[in-house]
Amino acid sequence: MQSAAELGAAPAEAFQAAVGHCYEKSPWIAERAHAQAAPFDSLTAVEAALWEVVSSATEEEQLALLNAHPDLAGKAALAGELTSDSTEEQRRAGLNSLTPEEMARFTEMNTAYKAKYGFPFILAIRNATKRTILGAYETRLRNSRGVELAACLAQVRKIAWMRLRMVAAPAPTGKLTCHVLDTCRGCPAANMTVTLRYLGGSSDSGDDAPAVVGEFVTNSDGRLDGPALAGAAFKEGQYEWTFGVGEYFAVAGVPTSGTPFLAEVPIRFGIDNPEQHYHVPLLCSPWSFSTYRGS
Amino acid sequence: MQSAAELGAAPAEAFQAAVGHCYEKSPWIAERAHAQAAPFDSLTAVEAALWEVVSSATEEEQLALLNAHPDLAGKAALAGELTSDSTEEQRRAGLNSLTPEEMARFTEMNTAYKAKYGFPFILAIRNATKRTILGAYETRLRNSRGVELAACLAQVRKIAWMRLRMVAAPAPTGKLTCHVLDTCRGCPAANMTVTLRYLGGSSDSGDDAPAVVGEFVTNSDGRLDGPALAGAAFKEGQYEWTFGVGEYFAVAGVPTSGTPFLAEVPIRFGIDNPEQHYHVPLLCSPWSFSTYRGS
Amino acid sequence: MQSAAELGAAPAEAFQAAVGHCYEKSPWIAERAHAQAAPFDSLTAVEAALWEVVSSATEEEQLALLNAHPDLAGKAALAGELTSDSTEEQRRAGLNSLTPEEMARFTEMNTAYKAKYGFPFILAIRNATKRTILGAYETRLRNSRGVELAACLAQVRKIAWMRLRMVAAPAPTGKLTCHVLDTCRGCPAANMTVTLRYLGGSSDSGDDAPAVVGEFVTNSDGRLDGPALAGAAFKEGQYEWTFGVGEYFAVAGVPTSGTPFLAEVPIRFGIDNPEQHYHVPLLCSPWSFSTYRGS
Amino acid sequence: MQSAAELGAAPAEAFQAAVGHCYEKSPWIAERAHAQAAPFDSLTAVEAALWEVVSSATEEEQLALLNAHPDLAGKAALAGELTSDSTEEQRRAGLNSLTPEEMARFTEMNTAYKAKYGFPFILAIRNATKRTILGAYETRLRNSRGVELAACLAQVRKIAWMRLRMVAAPAPTGKLTCHVLDTCRGCPAANMTVTLRYLGGSSDSGDDAPAVVGEFVTNSDGRLDGPALAGAAFKEGQYEWTFGVGEYFAVAGVPTSGTPFLAEVPIRFGIDNPEQHYHVPLLCSPWSFSTYRGS
């Protein structure tokens, strides 16, 4: 796979060949983005330029983009006419194995949606299930057309980003950091064990097996001594911290129950853009904890 | 196994036979507790009566109780003279397989502790590791004698509770409940999937395999329609909720990233006293969550 | 002021006279709402019916509604031609005392906004400042037309609700409740002092002076023994709890610093719809706290 | 007032004259601390050295220290024989104006406490009220003697620190920082207004009037551009942040209610040791917020 730097420096034709498919059947988006903003130093910059083209396009162009997308589980899928990207995405959501009843429900919803808004229902389905999709249909059919136009464009943007991530490796600018605070005693939680596991990514490539990717002990400020992951080792996917909270409070002499309410605390989180900094801290007492995407 | 009600109604001799061993080599505690407070309607009430005896005993009696405990990994263990409860507890903490260096370190700490305070270091070790125990030695050797006397009695209390739980089944008064709030939109999180898994208990009995014990969908108030577990089904051990946070926000149309920061959110927690009510809620946005023991 | 029940039962003409002005110069909204859904048992129900008319109106009707609104600080204001509702709302936001530079900036933004979207910028300004309004212009000028159409309708909805609240007293269905949990010890915070102050409402009526409206002590479940406010006593406006957190932990013997990090903890919050239940709890340790709108 | 550096460098006699009174009628503590650890570079270091003497003293010496303290509201107070420090501290807690019934209750509690433990009940009362003190009596009379010995020593330590702060100005090493995160959108909260008020300190000096001490706007990382207070400007006392949360979300276009649930959010907190770093952040959505002492 080429690097983000290689892609970003590519001439128009090569860029087009690599990126043109990210927005479904709408190669004009990559074309304009390259013309307006190349070169790029990151996938993030490529993505921003593509989206700038979409969001400043005319409403006619935006509608054409939306209408280039197949119905979810629709006729094109039955007829085997989807792009390979779309086929794969629909397969992963389980849409290739619908029961006849489910297929009827999808068709009904698709029809109602298209009739109301004039463009097909779009959902970035790589992480979705049939239940999610049917729930989203119901929610979104209550919205105004303007809201749905914006929502479908936002979904299309997510799909393009997922496809773009498979085109080139991210720039090595991202990192993952941690911080643990003891809210019971009002201090950094020092000397706590922290394990980081990679649980797998969105793609189907074979090197994605779940694995421990780091074992740490917090320092006197409650932090790891450096990023838990950075550069090429930091990739899209699901991760999980496990914090030794029970042991920490037992060592500290803070009263807990015999079977502690919190022993090994997992925090599961997803990395969408490995070119960014993700700070994922833990605030904990023996009886409560919280986490958030920090900065 | 007898019920809490049967144990609580037992005459002095049978009560003594069942409960006398809970406080190490100190049958006088169960004797006095029965005389003062029987009958009992729950393990919680038995435990409270036992502890009342301990906490109102003279300091000489308290010291005798502490001194009835073996050194962790000490001479009695080497000589095979521990009570079967203690042997089992030390084995589970890995103390039967110490390296010579570890054994030397434990002996050194034991000696320092006993020299400073006049009683042995005690830690409820059923959930501890060698690392925890050595860390706790270092923290606790900095305390005053009064603090350590209280700390060791608190540990002995935990050990007695763990042993008591194996004597009789808990009264069926406990339950586990849940509530999910959407902090992004300021409302109950309705229609979210919640799975409850039992991850195993402290005892070694064979019926403790991890298992899904409940699958739920939150109602319009963000709650399950009743307790997730109650009565006999609610037992000591480790549990884990898994909340379908990513799907919930996707259906709601709240913007998230393509690989969501929060998709399936696990909350792992321990139940120490299955006769009580444990309320374990989730507050979540697409980018943060927290939990706590509620009421 | 009439009651929500009286308003809800009013015949078409009286309803129209009372409610017709809530959506600016668009009496057809109240007309249709009454025809479709009267009678109503609450202001909440009236509001929902009005909004249902707006959201299911044609895009032409929606645009007419938006275009019935004056520019913020625009020509109509200068010429004294605003409705009295609008005049008052603009005065409260400080828009009647703009400097010439500020007036020029408002005019410039108004013009840019209207040119881009075809309808005027609308913001429910009763709680806004000049800084808010100018910041919002900049954010919103980056949105797509569909998003802004929806956003302006949402603002118009808020304005209508504020006006409706002045038409009739709310139905006495709302209440305010509280719950305090001690996250340091994992239990309800019993016996904590809680004071409730009313800090004033959005209207200018003279009976709005800040005042202590309740003094409480939490019970053994960490709750007040009933609602802090309910029925007619529960009205729109800003409120503030003050929790005696420092005293609570001092009494409990939980270690704190001499000047405690948390002593008297204020939680200031707004009530928008006094017909609803607002649950505003506190989770606290000596070193952290959180609150949220619960249920 | 001398500086911490001047005090820390003072020869034994001057140090003794300045610090000897901090532990009630126990000048030997300052004497030993100076002999063991002088010179000192901060009040924190002086305090640590004093406490090291106390915590490593014999139990007889510790009991002598505790017994040097007057009963709260006891005979010495009635007879006007208290040290001036104690007189002032008891006056501030309202103990010089007890009703006869209250006086009787205090006397009863004092007597019970002293009879059970052999030393007087001690509470750092500068921030306490009669209600706190009576509540603490009840809690603490349930403890074991060792726990109470440790608790009274911890209270004496707090009292000494409060007195020491009046002896010399703190070293200018402390600072106050802030960080605001938007948990609704998972990003730093940029461009939010933050006001810092000083609400007063523990001492009675006349320069303590409440005042705005800083007005800020968060930068793109959600932080202030530097410490809100540092060095000599950072002193013991109560402070309050006010965050413009309502305006922030209005500008961002995040949906809120017309009267927002959160508009101006106050966070009130105490600074005990102005030589330290206090990080007091805000995590907020339109419907929830939390804070904690960070690092």
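Labels for the chains are A, B, C and D, by order of writing; each one numbers its residues from 1.
We adopt the following convention: contacts are C-beta pairs under 8 Å (C-beta built on N, C-alpha and C of every residue); 3 or more make two chains touch, one makes a residue touch a chain.
Computed from a predicted model, the values in this text were never measured in an experiment.
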Chain D against chain A, contact positions shared by both copies (same if over half, else different): same
Between the pairs A-C and B-C, the one where more C-beta pairs touch: A-C
Interchain centroid distance [CA atoms averaged], chain A/chain C, Å: 34
Rounded Å distance, chain B centre to chain C centre (Cα mean): 45
Multi-chain contact residues (two or more partners), chain A: 143, 183, 186, 255, 261, 283, 287-288, 290, 292-293
In the complex, chain A residues that touch chain D: 179, 181, 183, 186-188, 221-222, 283, 290, 292-295
Chain D partner contacts - residues on chain B that touch it in the complex: 55, 59, 143-150, 153, 183-186, 255, 261, 283, 285-288, 290
Touching residues (chain side chain A, partner chain B) in the complex: 123-124, 126-129, 131-132, 135-136, 139-140, 143, 151, 154, 158-159, 161-162, 191, 193, 201-202, 236-238, 246-247, 250-253, 255, 257-266, 268-273, 283, 287-293
